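Okay, so chain A shows up in both of these, paired with chain B first and chain C after.
Let's turn to the complex of A and B:
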């Protein structure tokens, strides 16, 4: 009893009841928008969702919906439905889950996803985004617009992007806006875009501050909270709700950091986590806590931030989205993880692969080698899937994790 | 038959063939995606060489790649790690899929190649993407000139276009030999002919193609035919899977492969600015599955099925080739709607598990024959 109470006390207040307070509300709002005849767009990540927000198009984010289905333990069932229709078991589990959910409304959490009036995606994260949406668009007879993003092969950061890449991206944004204006029969209001851009910038700034406080030893926030709270940054960054929530979260994390109050009882190992968590088992991070390990930084929490200049929104979006590591050579990911490991005083790095995802799976060995070579920090590659529980061998993963922590422990003692 | 043997030979000694061109003073530039504008390479006194894999287990690549990686690019990487491509003077890559993007990053880490160039290929066709792609092609031209010290003039480009277009037209004629029933050449032979064009000079390949076309109708050992099939897929860089199908009663008379009809179907316009014509051809060519068209566009695949009068279709999905795998369910439906029997198969590049593939294909062919 006492232990349970202590655990509860350790979870952040701001993220308490997050699902009910924010996720449920989000899907309620989406259905409401649809019912009221407002345009609803399905959007894939690595996309300037701020533009949709500025045009009052409701941005539905199916990737989030898949993670939600995983948490509700219905994802496997949905994946199986998709597989029975020739969608390979090796395809992205987000895509399979959402495709399957369309044929099983009854079991779909939050009454399923509202029917799209249009779909938008970019080439920036993966092939799956637009191939998946192409199928959805065909199924609902809804138009899909694809934003071409030049692949950032040099891995340049926002200050060193090729001029031609920025120019092309901006020209692609103009094509996108033409498409949205035509489909919604409204003009993009530049003033409104400025306001949304300013809000999104503030959201990123606050999220950045929250991450900064996690450098404190012990870390005031763990991955479990981060993987919930990051929702706003991706789904509706340009909104007062995002700013309000992150201000509250920032204040709490800051206070904890100042009082040296850690997210876990004991913090013997500080870890960096790459890619996605097992959405169906976020308690995994609490299990890590019981072993004295705390995830202090996720790449996921760091790649979606980007400061924006409201007076130059288009150029800002280019600088925010083009350097996202999904759109870059592996070198960029290597440098990001090296930086995180160093800045967050990490003892180890966890590199989970994702069965249906080439982008997240290929290159993890290079990351492991390069992080060790530069910093002497060890990594563990964990083969799993974020959403399809069938590709998640819990017992083996936990065994490997325990052995890995032992290795870190021996290293700490020797050295 | 003698007029066919040279193509097989070219493939079996492809690395020696490449080296022999190098000995004659040509630069060798590897490529991986059919969206690579090979004419530019050819105009730069170079031979474009398709980087392909082998049927051996990719144990060298397995050290660096997870098992959920496309087995074709994995096999290519394996060949590179073994040193099979150490003769390359350069490598040109483009963003045609996640597997390629990420694996070619690893090439830079693990395989030494003097010159690597990246071409950004848009996935849609608009005025804006055409302009961007032209700039990319222009950049590639400049890069080749600087790297190899060769001048790519309009004359050399036009000459390359002429030779490549001739190759494409000849390959189409070779494909048309399969309109007859039984076809005059088998599916495995046709694939080998196309693949062999990717490992040597197109000019020399044209000579072999003309000889073949002159002698094909007098073959002493024509294929025995069978159930007329279209094979749909992305990359098939070895004739073995087609041989398996044809050994058990199938007759592959058509395909929509990136290494088959999609590779050579479209010509470059010989009018106007050659560089613009090249850029336009490659962005407008018959779409690979990474190109987004309004609606799902299988018009080329359907055209091939009709032109070659096929009785059934095998959708040959290369494992972990996401873009094609996402198309597959739709493609299956498309053929079902046309009352064409269709078999969906997932396969590993190394053909591990081929006994099971064979059994399924056999059962499918029996079913088709039963219906017919």
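Let's turn to the complex of A and C:
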């Protein structure tokens, strides 16, 4: 049996105090914007947030807020409130958490989400998103606009997308801009959009470099830091703050990689993590470190990047968002995880089936089979929930991890 | 005669695979399986093929676990199970019209793991309230038409499309006429009979089905069910082909006078309005039809439609069904119940899974019916 040892992870300087320095500040800024009468939009993943940033619309992310509530251990209470109002216990746990939080301002971290002036999302993530946003919009009497995204069934990458799909996506962006201009009574400044697009591109580039350094053995950064730091890429990619933070993080990770200084004192097992993490228990990754295991790559860290050409922002957004794995068939997810396992020299892959997020949990068994078939790398499927702690059996998951690592250990010893 | 007609609907459902195999043998034509009612059957009829809907068998779908996790709706898992068990081994291809994440998994798993000659995914836009939806869908339908033509080597002509539109419109029109008899104080057909009529229409040649509907419409004016209709109920939800549940509830002293399901009125409520550009006409029908909640935003138009149905069919109470794990319907349940409450229709929620625990449900439905009867006596 692989046993836990008191060996500590070595937290990166750049991410120390991340919550206070960046998350709290983000929500403070959001409330300040609202108080000053600036437009606030609720937004969901796979949406080109750069356009909002270019129009000085403050983007707040209910998904991020749900993960924050989970980390603050209030998500279960909010989920229960939603359930008491006839929402199914099996509904997306992000949706339940945020819907419940609306009725319990007192216990909502960071004073809750500021009231939306509008809600925007795309059809590229999952069908729950737009129904959830529709419900919220109806409740606040705030307008809702959704981007129609053609489903990328072939899993084509940005260079092989159907021309008709790109054109349709661009037509949808134009409609979105009409909507935003009408609601805010301001015109999109194309020069400003180019600037924001350039910043977002730089953010993606830096994040890509950071991930690249994680291929080093031992890995200079693990999932605990990645799941915090990815915040900028997701929430405000087109901002100087994102670029500044990632430059600092990249420099530190690069230095560690060059000095072969690992994120954990011992790195016996390199793991790839699919799906979301248990947001209420990010220390789980520290526990893995005590077993000599380090998560060196997460699908979550690799699906939100996308290089952008500031001279052609609309086409760039199409190429960034249409191939997002959430908008593609299972083939894309399989190839992504195969590539990560190979490029990051992984010993194993962890495939959580997240009761709270159907979209992220699609096809884990197929992934497991295909990764093994191609690379001989084994995977572990674990049941969990990223937000609703009631669906998370900590002892069981830890036991499964220990046994899995033992299997990997035996495999390594037998060559 | 009427009883024989309903018996025929039942037989078609119970022996759907035998019917399809025999049809294929007899006609030497292709059969296409489809998952969601957003697939425009008009185009398949135009290509001289038989579209049949893939539905589950209500057996625990254990064989699907490697492909779709248990957190996806029972319909999508049960449909895939039918394919994995080889029960649809006679179909020549599978087509899906984009609706939800769940059926998309079924389609993808089917395409990857079950030998199929032809698999096509029609990108029905999610945003059907968007002004671009109709021309966009017309483009997608043109792609679908071309893919079929390339596969069969046969052109789909305008005459063919006219024929497809006519077959579909006629069948829907006749079923809507039958629905008129459900509005009567003493309905001429029960909810289970209506369900079997619609379900069978999704399984057999519509032309054959329509012939039977014509006969039924001749017979219905003189039909006397000789039963007290009891409480006038509505049932609302996503896909529902749970005949046992319908039958059992109606045996408790109630009649389902209308349903809002894609295996019920939602399937037949809207026709194609013929026009010179056939694909635009078909696209308009599928964009403007009573929507699945997965496509119904930003306005909740389906809820407004459900409220109208409740009024038109003089409904006393509604059972609101949540197919376990179906988020698009699930999120609409609180506003739907509120909207029905506003017009004086009491609702009761039930969660359906692959099998329904009738023992528990019976007590709950009985209690709901008593509440409704109590209200009746009170006023």
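Keep in mind that, in the parts below, the second predicted complex is superposed on the first by the 406 of 415 C-alpha atoms of A that agree within 3 Å, B and C clash if a C-alpha of one lies under 4 Å from a C-alpha of the other, contacts with A are read in each partner's own complex, and residues count from 1 in each chain.
Rule of thumb we're sticking to: a contact is a pair of C-beta atoms (placed from the backbone, for glycine too) under 8 Å apart; a residue touches a chain by one contact, two chains touch by 3 or more.
What you see is a predicted model; the values in this text were computed from it and never measured.
Taken together through their common chain A, the two structures put chain B and chain C in a clash. Looking at the shared chain after the overlay, A:359 reaches both chain B and chain C. After overlaying the two complexes on the shared chain, residue contacts for A:410 are found with neither chain B nor chain C.
Applying the stated contact rule after C-alpha superposition, one finds that A:138 touches each of chain B and chain C. Once chain A of one complex is fitted onto chain A of the other, the partner contacts of A:309 are absent, as it touches neither chain B nor chain C. Look at A:189: by the touch rule set out above, it reaches neither chain B nor chain C. By the document's definition of touching, neither partner reaches A:394: not chain B, not chain C. Within chain A, the residues touched by chain B in the first complex and by chain C in the second are 85-88, 90-92, 95, 123, 126-128, 130-132, 134-135, 138, 143-144, 146, 148, 150-151, 153, 164, 168, 171-172, 175, 329-330, 353, 355, 358-359, 361-366. Across the complex, chain A meets chain B through its residues 85-88, 90-92, 95, 123, 126-128, 130-132, 134-135, 138, 143-144, 146, 148, 150-151, 153, 164, 168, 171-172, 174-175, 329-331, 353, 355-356, 358-359, 361-366, 381, 383. Partner chain A is touched in their complex by these residues of chain C: 65-67, 69, 71-72, 98, 100-102, 104-105, 108-109, 112, 121, 123, 125-127, 130, 132-133, 136, 139, 293-294, 297-298, 300, 322, 324-325, 327-328, 330-335, 337, 349, 351. Interface residues of chain A facing chain C in the complex, by the touch rule stated above, are 85-88, 90-92, 95, 123, 126-128, 130-132, 134-135, 137-138, 143-146, 148, 150-151, 153, 164, 168, 171-172, 175, 329-330, 353, 355, 358-359, 361-366, 369. Considering their complex, residues 63-66, 68-70, 95, 97-99, 101-103, 105-106, 108-109, 118, 120, 122-124, 126, 128-129, 132, 135, 289-290, 292, 294-296, 317, 319-320, 322-323, 325-330, 332, 344, 346 of chain B touch chain A.
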